[in-house]
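Following are the structures in question.
Next come two complexes built around chain A: one with chain B, the other with chain C.
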Partner chain A sequence: MRVVESLSWRWLIGGGSAVVLAIAWYLLTGPLEVLSPVQFPTIEDAIDSLSQLMGPGYAGATLWGHILSSIELVLLGFTVAVATGTPLGLLMGRSRVAHAYLNSIFQLIRPIAPIAWIPLTILWFGLGTAAKVFVIWLAAFAPIVINTITGARNIDPVLVAAAQVHGASRRHILFDIVIPAAMPTIFTGLRISLQACWMVLVASELVGSFTGLGHIMILATRDLNAGMIFIAMSCVSVLGALSSLALARVEHWVMPWRP
Partner chain B sequence: MNRWIGAVTASFVLMLATASPIAAQDTTAQAYPLRVAQQPQRWSLAWYLAREKGWWKALGIEPTMSMFASGAPEVAAGASGSWDVGGAGDIPAVLGAARYGLLTIGIADEEPAINTIMASKDMAERYARDPSLIKGKTIPVATNSTGHWAASTCLEKKFGLKPDEYRFLNLSTPEINAVLTSGQYDISMVWSPNTYILASTIGAKVICTGKDVALPITSNLLAMPSFADQHPDIVAKFLAIYLRSVEWERAHPQQTIEYLSALYKSVGVNIPREHLSQEMQDRPTFTLAEQLKMFEPGPGGTSKVAQWSDQVAEFMKSAQIIKRAPDVKKYVTGKYLLMIENDPQLKAFAENSQD
Partner chain C sequence: MLLPALGLLTLFGGWALVSSLELVSPHFLPSPFVVFTTMVELTREPYAGSTLQQHLLASLDKFAVSYALSVAIGVPLGLLMGRFQILDWVVTPVFEAFRYIPPIAWVPFSILWFGTGFLAPTLVIFAATFAPCLLNAYRGVRLIDGTLLEVAQGLGAGRLRTMTEVLLPGALPHIVAGLRVSAGFGWQSLIGAELIVGSTGLGYMIVQGESNVAPSVVLAGMITIGLVGASIDYVLRKVEDRIRRNWGPSGL
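On to the complex of A and B.
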């Protein structure tokens, strides 16, 4: 009963904040004229932009076309980051030699912002999907590697020693002890990484795109269309939140013992 | 404590008051700080010349120049009040008019000949002979630009292609240079001075220009509406400086080329010297008398510039850049040209072709 009450309070407070925000939006862009429509859209502008995107479309596709294109890019970039970052993190976390060799290179490359790679990306991959996936991968890779290293290093050595005493092979130790024990930290990295993918989407779509939410934002900026920019930003926000929820589901499925 | 807060507040208010443009205007000895938006284009030469010749100072203006790569970011910066006056192509000019009432107060130059479609050395002749080869191609363009307009019209009118038979890819001009040079694309929208650069580096050739399809492409002289309301005299002076440069350039063609070369070098644009006189020829500028004629209402009540701007707005509507054409009477104005015409001193300044 207390849980239900707490939930309804949470919904009430959340809903109340949304209503206050909507009223402030209406007042600031409407009657009070604090923000001009070029700087921030009115509610009518946002609705107009949404109906244009849902109907005839904008920037070469309808809203669904843009959303699908962005989801495809984010999923590709994230998948490649998981496929490359997790093994590298495990290797660096469990092998001092590998860590000694790779860490300095990793630390040198890590601070460079993904957007700074764009000129080189165009030269290496051209303007196709590979270039965009590479930019997303750059943003998603580091959090996965760092968290996987931490997870793999912080395993109780007694567990590993016990397994070795009982004759467990290196393969068994990796798959039955290291990975399951490191999994919570690995998932922390995955969550950060997935959000980074959405954050860098606009930058990736600077690389000659035809569709996508970032593409809408780039063209709408050129068109000075604040309504379109707002709708595209809102979509990125909603999709980011939904993908985090989906990842939480996967996390629960992979680690059912976790609360 | 309260006295201390009062003293700090008073000095802050005093600081703000002395730093405001109004205060600067009141101090007659002080030059007026004017924020000018420009691009690495031939028409920016006027302001470069004005600095070299001391014309800004002569009219009591201290300009702060902001350089933009193209019109779209320039007009976007205008939305946040980052500049007072400037120049840009007629597409961004109309976009600014539609979004925040940006005023067109003069013509910077005429540009149909320099907005082109270029193709690689190998493909240029083949595309020109058989335009159906362009079908299905991806063509890089800087969207919302005069080049975008020229490319769309060339493809439709000269090559007989419908919009669904090719695909535009939005890239900035430096990116267009990069993808053409690296051979990733063999056809693209290009405007000068990039046309000369690509012709000399990779042998690319122009296969259509805005002139071929009779487009009234211009770059326009612009003023922010609120600034023009508050400081019409400064806007007229800014325009007079531009017009004086036009007179000077006509009287000193050889020296003008030297200055144009210096301007381009100063902004990192390297054009082969032999193309500079072509650049001057392809982008004519207009004197006070010529501009007045362009802005004069014709028999139908609308000026030439107003008609051109309406044509631009129609294209922008068809390209879904704007929904409604802005009212041309509200943003195309010859008011500041007339202020110069009616002020003997300013007119003499604008029509002076000497140093």
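On to the complex of A and C.
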């Protein structure tokens, strides 16, 4: 009973705070004129920008065009990072030699923030898809590798020994013991790197691009169009949340034994 | 010992080999020696308006101001949210609404609000560093043994004294861990912001290097960014270890 009561209070107060936030938005930009329309959009500005994006479009495409191009880059970079990061992490986690050899390279490059690679990748690949996928891959790679190493290392050695005694091949040990046991930790890495993907995507689109949500933002900044910035930010935020939800779904599907 | 050295040798040897055999054009990847001499030159001759040290100091300046602001607001708010559930309920929905906005996406509003000068990246750094500061202080308080609080109150400690003498020291290991995480986020976001806006800083320097097609400048800047990021992390890690030893569960 207490739990139910405190839950409903929680929702009530939380909802109240959301309503206050909305009213504050209306008052600050509208009647009180604390924030000028150049600094933050009024609610009507935001709706106007949204309908312009849906209809005639802005910055060279409609909202769907920009969203699709952003999603495509994130998906590409993230997929490549998963496909390269998990095998490398498994290798480094299970083989001491590989870890000793590769870790020094990894630790030397890692402190350079992925965002700092953007200018170099523009020099290498130009402003198109390749440069962005490369940087997104770079950002997503490190968390995946680190967490896969941790997961692959913290496996009960008794399990592996028991399998060996029963004649399991190295392949069997990898696919039936190491990977399933490391899976929860691997997914922790995937969650972190998915967020990093969106961050780096926006950064690289802001620095230079032809389409995408970051492209909307930077053009809107030049046009002093706060409504447009607001809509693009909201879209990034919603897409980030949705992709996290989708990843949680995948996690549940891959590991049905976990609650 | 041998294998890590071999790893580094592969990295630098491979880089030196690829560039000295001219497998790739120097406009694509200059040799490590060129990058090193460029780095030394940059400390003497100004590039994009300032020398390397001046760009570095400008970046650190911007970083310090916003980071300090974020810590000063985030940590106390996190402590209070951990202590008073009402505040937790009020703040959490607002917090959730902003959670999935990547810090770098605040660049446009940061420009509209603070202009393109020194304060331009403020909002971005704040957005990157605020959440880890707040969340770790909050978690630190929530993990404090309730008995400790009861004992303190039983011994007659008021709200303020409970705060300063039980909650703050108890949560300190978590708080410092949060400070370290958020410093890393903040540094990375600052560089991102400098790529887009401003006229000083390491991020600005490398983006200028890019538009002048000077990859050696870009690489020299990237190495400096990496070194500074690693040093910030190293210092905070030392502080964290120390606090964990003196204040952590074993020290209590």
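Basically, the second predicted complex is superposed on the first by the 239 of 259 C-alpha atoms of A that agree within 3 Å, B and C clash if a C-alpha of one lies under 4 Å from a C-alpha of the other, contacts with A are read in each partner's own complex, and residues count from 1 in each chain.
The definition used in the following text is that a residue touches a chain if its C-beta (ideal position, glycine included) is under 8 Å from a C-beta of that chain, and two chains touch if they have at least 3 such contacts.
None of these values were measured; they are calculated from a predicted model.
Pick one for A:Val238: touches chain B only (first), chain C only (second), both, or neither.
second
Let me test your reading of the model: by the given contact rule, A:Ala152 touches which partner, first (chain B), second (chain C), both or neither?
A:Ala152 contacts neither chain B nor chain C.
Considering only touches as defined above, state whether A:Val38 meets chain B (first), chain C (second), both or neither.
Once the two structures are laid over each other on A, A:Val38 reaches both partners.
Looking at the overlay, what does A:Ala131 touch: chain B (first), chain C (second), both, or neither?
Neither partner.
For A:Leu224, is the partner it touches chain B (first), chain C (second), both, or none of the two (neither)?
Both chain B and chain C are touched by A:Leu224.
Given the touch rule stated above, what does A:Ile122 touch, chain B (first), chain C (second), both, or neither?
It touches chain B and chain C both.
For A:Tyr58, decide between first (touching chain B), second (touching chain C), both and neither.
first
Looking only at chain A, is it chain B or chain C that touches more of its residues?
It is C that touches the greater number of chain A residues.
Which parts of chain A are touched by chain B and by chain C alike?
Overlap of chain B and chain C footprints on chain A: residues 38-39, 122-123, 218, 221, 224.
Okay, in this complex, where on chain A does chain B touch?
For this pair, the touching residues of chain A are 36, 38-39, 56, 58, 122-123, 126-127, 208-210, 215, 218-219, 221-224.
Mind pulling up the chain B residues that touch chain A in the complex?
Those residues of chain B that touch chain A are 72-73, 75-76, 79-80, 95-96, 99-100, 140, 143-144, 167, 169-171, 175, 178-179, 182, 184, 320-322.
Touching residues of chain C toward chain A in the complex: what are they?
Chain C reaches chain A through residues 3-8, 10-11, 27-28, 86, 89-94, 97-109, 111-113, 187-189, 191-192, 195-196, 202-203, 206-207, 209-210, 213, 215, 218-219, 221-223, 225-227, 229-230, 233.
Which chain A residues qualify as touching chain C in the complex?
Contact set of chain A toward chain C: 9-10, 13-18, 21, 38-40, 97, 100-105, 108-109, 111-120, 122-124, 195, 198-199, 202-203, 206-207, 214, 217-218, 220-221, 224, 226, 229, 232-233, 236-238, 240-241, 244.
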